[in-house]
Amino acid sequence: MTDKITALDLAAAELSDATRTYFAKCEEKLGLVPNVLRAYAFDDKKLRAFTDMYNDLMLGDSGLSKLEREMIAVAVSSINHCYYCLTAHGAAVRELSGDPSLGEMMVMNFRAADLSSKQVAMLEFAVKLTEEPAKIVEADRAALRMAGFTDRDIWDIASTAAFFNMSNRVAAAIDMRPNPEYHAMAR
Amino acid sequence: MTDKITALDLAAAELSDATRTYFAKCEEKLGLVPNVLRAYAFDDKKLRAFTDMYNDLMLGDSGLSKLEREMIAVAVSSINHCYYCLTAHGAAVRELSGDPSLGEMMVMNFRAADLSSKQVAMLEFAVKLTEEPAKIVEADRAALRMAGFTDRDIWDIASTAAFFNMSNRVAAAIDMRPNPEYHAMAR
Amino acid sequence: MTDKITALDLAAAELSDATRTYFAKCEEKLGLVPNVLRAYAFDDKKLRAFTDMYNDLMLGDSGLSKLEREMIAVAVSSINHCYYCLTAHGAAVRELSGDPSLGEMMVMNFRAADLSSKQVAMLEFAVKLTEEPAKIVEADRAALRMAGFTDRDIWDIASTAAFFNMSNRVAAAIDMRPNPEYHAMAR
Amino acid sequence: MTDKITALDLAAAELSDATRTYFAKCEEKLGLVPNVLRAYAFDDKKLRAFTDMYNDLMLGDSGLSKLEREMIAVAVSSINHCYYCLTAHGAAVRELSGDPSLGEMMVMNFRAADLSSKQVAMLEFAVKLTEEPAKIVEADRAALRMAGFTDRDIWDIASTAAFFNMSNRVAAAIDMRPNPEYHAMAR
Amino acid sequence: MTDKITALDLAAAELSDATRTYFAKCEEKLGLVPNVLRAYAFDDKKLRAFTDMYNDLMLGDSGLSKLEREMIAVAVSSINHCYYCLTAHGAAVRELSGDPSLGEMMVMNFRAADLSSKQVAMLEFAVKLTEEPAKIVEADRAALRMAGFTDRDIWDIASTAAFFNMSNRVAAAIDMRPNPEYHAMAR
Amino acid sequence: MTDKITALDLAAAELSDATRTYFAKCEEKLGLVPNVLRAYAFDDKKLRAFTDMYNDLMLGDSGLSKLEREMIAVAVSSINHCYYCLTAHGAAVRELSGDPSLGEMMVMNFRAADLSSKQVAMLEFAVKLTEEPAKIVEADRAALRMAGFTDRDIWDIASTAAFFNMSNRVAAAIDMRPNPEYHAMAR
């Protein structure tokens, strides 16, 4: 293993001012610049499109808590066995929940966790959407409504699960390496 | 079937000026506003994040032709059996190629098409990334390079295949309905 | 792609009188001789066995309408991604239903269609029989009876789904090419 | 378990003269009337279409020996876990080969058998055609030709594997029961 | 096929006295030394660990009858297509049940058998545990309790199904050959 | 979540002297009694059979290092998403390797790790044996020999992978809970 962040050699353009500012903000708030951002940084437009979508989804207004969104991220990434996302978002679950074992359960098998039936419904939907999207039918949405989710919540569950089905595949395709700092965080 | 664009009832906010302008431009250029845009229009930020990523990916600079990107879109959507994306992007393949049967082959089984070995390599990578992302290894990237793709091309193949793995799942989760006009286009 | 109907070089015997007559009838009634018939025509006995079974199944007496039998054909072929059958029978669904989008939904994902619960039960049975025949149990037949099907209807649903599981595989094995005319029919 | 041959109640019409004659011939040659024929006997046309196809395929001229065709039948039925076909055709493999353990290996896992590389190629093609028909490409046919098969042989391998993918599903759908006599045959 | 019991060449140590005594007892009680024991005999410790676990599980005290434990063994081995275990334990089911066709049904598809709903629940649990262990949840255990099983019975069902998931894989990995005598037993 | 070690209520017999001694030794050497041992402790014979097999396999003589055996354990458990085994043996990989990120890669996706081609061959064999045991053929063993493994090594790779296919399923079936201490070990 080298220090490369991905398996691709992409012409590493000089970072734009906007990107440098953004990375500085990451360092300040997170203590690191997530490697996924460095991976996208060869192209300013792609980086911004990615971060705009990501930040809205994971940090924006939602009926789902930030922890719940991270739980979806990790449960989806567990099915897809995505090393990058499991490492980075597993750390996020540990941190946001203050419960290291919860992060491990999301990484390994969310069914091991002692969750509310509402959260189980949320994750079961995310899993079905990941494993067999073609088989989602109205009954699946009805189950979420029965569990107490609004239609807007369903959008957010769906969008988050879908986003990580994208992100897992970008990471797999280019062998994206997570920042080593994640491993020790919030253990 | 009703005239609903999705199965969700999302507070249909008044469209912002920016969105109205954007939709007018769609009408002008495409003759319609793709329903996926109307589906995201309940939230300006989400709409813009989606279109920024989509437009860069499908219309921006790339070593892949627009047709090739649409072929990836459809081959991925075929595996996921996404009614929305197969309808909209199947039409795009028919249109861009001027070959209606090529669109059908992408929808039904890309292996039926008489493609160059380079394009076959591209689609086989997209398919593996869709079906078993966890199993992508260096040999898979090497096969793309052998077929003549640059590392930047690999990024674009990966990003496009990954994007439709997201988009297929958003569409499946909310039962997104394609504009009926697509069916007859470029037949 | 050449003008070959299949990937195999089979000694193309002179067509028998019976076959010539049959093909003339096809031309007259359908405007074409389906390529599947030309593929089998190297052997009169095989051709007749195939057409006898096919005609009885798809055109003979049944509690299922011809459209319903075609819907089963296409839903099964969608799972198996059979280019030949999706093309030929997709056209049949469009034609018999007078609803082009219905044909597309069967090809892409029958779950997108707004069907009666009876038809959904019929297609779900056909899909399970296709995907995991070993797991069919009495409860699956009971569900069809509950939906209003007779035992004879169950035979017909089963036989039709099973037939296309055969036909899809013959077509896949020999790369059978559909008549190009199908693409534009009933759009 | 009752003495019923299938799970369906089909109006058991009086057998036609042709069918009675055919069944008498079965009794004479095989010592029994295979239950699959009794299952189809509610409708003369369906019975004849089935037997015409079956007899041509399994008993007609072919570059494949009758034993090889039965081996394909059983290897395919093993994947589909078809109780009827494994019982009836497992007996046929034992009988035609004079090697009871060969029949068992076909039923359980053909990879356990010590076959020629030509026969392994034949069965691997049949298995791929059964498990993932959509993925058959020219290389799969080329492998059969390399192993020594003609294009006509490929047709026969494909048709036989495809036929049992049909037959397995008819049997599963209606819970067809094999004649008990098969179990003890050629042990 | 040679007379080798496995595909591996393991230094065949002189059998220890304990092993010779054990094998003599097998000969006496079963009329043969099961090849699985000869396969493990290259190492006394491994042989004893295997037989201790096996004998406790299959012959020790349990709320499950010996026949039921053998049924689980064969139903699991059917999914894994294990030639060794299907041969040896298929014979055991025939023998213990006095019903040769029951052994065949377990080998081919346990769903063909006319079992009590309690036994069906037992086998469905074993099958799910084999096919998708990650998806076992409390509801699966609850179904077993509803069917009349105690918690200790659940342990035994789970342990037996799990054991054959191990044993099937050892046999597959080393191509373990069953004793030919099994084929004719209890037919 | 309660403090229960499994989901089953098994008559917790007074621990035998032998078991108490064994557990004391565990405490001394490991700092804890692994919950899997407490789970088996309701029955002395079962506990001993399990520990005899486990200790021989994971701690006995072998051409594989202890770390390599633990890597197999975790790679197999990752496929089966076994919370118990991933937690306990993930900790073992971290500890034995002194490389916390190696443990994480085994848990998440062993393909992310920078292993020797010999170790990759070992894990690919373990994965195939886990995912599709029926498809192991001589070529798979040949690949291990080519990579430098002896036949005895192949036995050990197979036995270890097979053992965890058992253990994962026992843990899943009874919802076995890992000792909380594992989470923080060797981070």
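A, B, C, D, E and F are the chain letters, set down in written order, and residue numbers restart from 1 in every chain.
One rule holds in what follows: a contact is a pair of C-beta atoms (placed from the backbone, for glycine too) under 8 Å apart; a residue touches a chain by one contact, two chains touch by 3 or more.
Predicted, not measured: the structure shown is a model, and the values here were computed from it.
Traced through touching neighbours, the fewest hops from chain B to chain E number 2.
Two chain pairs are in question, B-D and E-F; the one with more C-beta pairs in contact is E-F. Among the remaining chains, the Cα-based centre furthest from that of chain C is the centre of F.
The angle needed to superpose chain A on chain C by their Cα atoms is 120 degrees, rounded to the nearest 5. Look at where the CA atoms of chain D average out and do the same for chain F: the two points lie 43 Å apart.
The distance from the centre of chain A to the centre of chain F, with each centre set as the mean of the Cα atoms, comes to 29 Å. With centres taken as mean Cα positions, chain D sits 22 Å from chain C.
Counting only residues that touch two or more partner chains, chain D has 81-82, 109, 134, 136, 175. The touch graph of these protein chains has some other shape, matching none of line, ring, star or complete.
Chain pairs that touch one another, listed by label: A-B, A-C, A-E, A-F, B-C, B-D, B-F, C-D, C-E, D-E, D-F, E-F. Residue ranges of chain B in contact with chain A, taken from their complex: 7-11, 45-46, 48-50, 52-53, 56, 60, 80-82, 125, 129-130, 133-134, 136, 138, 141, 151-152, 154-155, 157-159, 161-163, 165-170, 172-175.
Put simply, chain A touches chain E in their complex at residues 109, 111. Those residues of chain C whose C-beta lies close enough to touch chain B in the complex are 1, 78, 81-83, 86-87, 100-101, 104-105, 107-109, 112, 114, 175, 177, 180, 183-184, 187. On the side of chain D, the complex with chain B involves touching residues 134-137.
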